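This report refers to the structure that appears directly beneath it.
So that you can tell them apart, the chains are marked A, B and C in the order they are listed, and the count of residues begins at 1 in each.
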């Protein structure tokens, strides 16, 4: 009894070999002349001041959070979609309720300006 | 010749190293970002377990949600809240030896108890049949488990509203 | 792949089936992991440069070899021989892992592409969801690259890249759910088999949503804010040079091909066409040719879009994703689900016509709402101006 993921396992092995082979070949072929100027951080030609950190913006986090919520919703809708033809008519109502509640979530986020980038 | 059984055991060992090693890396790494990446490794190990058990849907959902969404969320939180090479954190806890003792005791207890249970093993034939599928999951989800299905959406709504309220206060 | 395996066992009778299976898997994996990326990247980069050049009324590469065909080779040699500069303060391990993860994620999608009748790496029962999940790995690669570069531009670029990827993954998944509704299965082989009429004609809105969101997922123009040199240098791969940069580049072009390939399988009928089928070698080859032709057509359209449209600003981009695509996709899902359950439509033709009608309704209502919203915001702005003046 072979898992249907067996091929994926084999492909992972070969797919990992590709970048290793590419990088290995490049390592053999390319010049290696490091100097401190080359190895400094790129800042359009200027020197960096201070450590590398970014102003905390809740905005980025909210987008990721919206994504989690809608991703989970989509995951629950998938078994419904696969079984849809065999399900009775009220399955449509159930799913509409499900989607409506989550559309409500989207509307809430929209109205509360959570989706604004600026 | 390499039998199916041997391959499965080999894959299981590799996955165990990934999962447990990842877990170990999370708690022992000195760099917070590396800890998060070890967590991702551990989660990917679990994806492998699901795949090995032929629970394709669960494997892919674990990859999609845990690795693709929740791990990204965790990484965002880490990246947004501290500088890159912040003080190398030493994860220390003076009473670690008491914790280790308790953990060892729990492990022994679990081992003894689980070893004595007569686990019903699923019939190979039953696993191979196409009925164990996402379609069946769908039918169950919208049939007997209809209420939990709807409650889940309310839960997600509540989580989102709560998070937005918290974030708005910042 | 079963047909190939049984062919191999008839060819070499002493071979036990598991070994034959292993050999077929290994050969196909090697092709997918080594031959396909090289061929695809060389062919499509050349095609892109020529297409863009013609759109911009110039000739494109014509120095390296006849008609510039060897340009890809020249680029490859250049990438290989550039010095690999790792910034001094970068996190070496993660810095090296990120491009490898990007390439591995791009190759893994090929495992479920139905490139020809009977030729598919593994027809996973959750095929299409697997494709979406692998996309998540790409996000991780971007984050790892941005963080480990120890560069403000790279970090900001990584955040924006992930915000963009994440915002457009939901419309893609919703469009996919619509296709799953219509075909009743997540298996790509089954979806291709369900398309006696390609879903392009019965679910055009789903196709549009999927196509547009895919362009955003790949990070191409008009959604390429994050790589555009005038904007943020090179986004999360600012500090990468040489082969490592080439890895990201290869990953992007493979992602381009696989997105077009998935769109072909989902909406254009995959390898289907006159004469294609599993019956004979000719049928299989014909199917492969149809698949390649359709995919290349979609890739051409993507390049055409790149040469025609201007770049979208990040806030417009995110607005478009969350405030337009997601609601429209949800509306489409409900409409198609409704149509599929109406008891009158039992014959296949009526199903398709019904779905098409649902799509039409969705388009009309969405456009009406957008026009109304635009008028409302324009009149509000005008009132604001008039209020200031008088």
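One rule holds for everything that comes next: a contact is a pair of C-beta atoms (placed from the backbone, for glycine too) under 8 Å apart; a residue touches a chain by one contact, two chains touch by 3 or more.
Bear in mind the structure is a predicted one, so any value in this text is a computation, not a measurement.
J.: Most remote chain relative to subunit A, going by C-alpha centroids?
T.: Measuring from the centre of subunit A, the most distant chain centre belongs to B.
J.: Any idea which two chains share the most contacting C-beta pairs?
T.: A-C
J.: Using the average of all C-alpha atoms in each chain as its centre, how far is it in Å between subunit B and subunit C?
T.: 28
J.: Averaging over Cα atoms per chain, report the distance between subunit A and subunit C in Å.
T.: Measuring from centre to centre gives 14 Å for this pair.
J.: Just the number, please: Cα centre separation of subunit A and subunit B in whole Å.
T.: One centre to the other, that is 17 Å.
J.: Could you tell me which residues belong to subunit C and also touch two or more other chains?
T.: 18, 89, 124-125, 129, 150, 155, 159, 162, 166, 169, 184-186
J.: For subunit A, jot down the residues that touch at least 2 other chains.
T.: Subunit A, residues with two or more chain partners: 2, 4-5, 8, 52, 54, 60, 64, 66-67, 71, 78, 81-82, 84, 91, 95, 102, 109.
J.: Quick check: what residues of subunit B touch more than one other chain, meaning two or more?
T.: Residues 4, 56-57, 59, 61, 64, 68-69, 72, 76, 79-80, 84-85, 133-135 of subunit B each touch two or more of the other chains.
J.: Given the complex with subunit A, which residues does subunit C contribute to the contact?
T.: Residues of subunit C touching subunit A: 1, 18, 21-22, 25-26, 28-30, 32-34, 37, 79-89, 96, 99-100, 103-104, 107-108, 110-111, 121-125, 129, 149-153, 155-156, 159, 162-163, 166-167, 169-170, 173-174, 177-178, 180-181, 184-186, 233, 238-239, 242-244, 246-247, 314-315, 318-319, 322-323, 326-327, 330, 333-334, 337-338, 340-341, 343.
J.: Once bound in the complex, which stretches of subunit B touch subunit A?
T.: Listed in rising order, the residues are 4, 11, 51-52, 54, 56-57, 59, 61, 64-65, 68-70, 72-73, 76-77, 79-85, 124, 127-128, 133-139, 141-143, 146, 149-150, 152-154, 156-157, 159-161, 163-164, 167-168, 170.
J.: Taking the touch rule as given, give the residues of subunit A at its contact with subunit C in the complex, in rising order.
T.: Residues 2, 4-8, 10-23, 25-27, 29-34, 36, 38-44, 48, 52, 54, 60, 63-64, 66-67, 70-71, 74, 77-78, 81-82, 84-85, 89, 91-92, 95-96, 99, 102-103, 106, 109-110, 115-118 of subunit A touch subunit C in their complex.
J.: Report the residues of subunit A in contact with subunit B in the complex, numbered from low to high.
T.: Counting only subunit A, the residues touching subunit B are 1-5, 8-9, 51-54, 56-58, 60-62, 64-69, 71-73, 75-76, 78-84, 86-87, 91, 94-95, 97-98, 101-102, 104-105, 108-109, 112, 114.
J.: Which of the residues in subunit B come into contact with subunit C in the complex?
T.: 1, 4, 31, 33-34, 37, 40, 56-57, 59-61, 63-64, 67-69, 71-72, 75-76, 79-80, 84-85, 133-135
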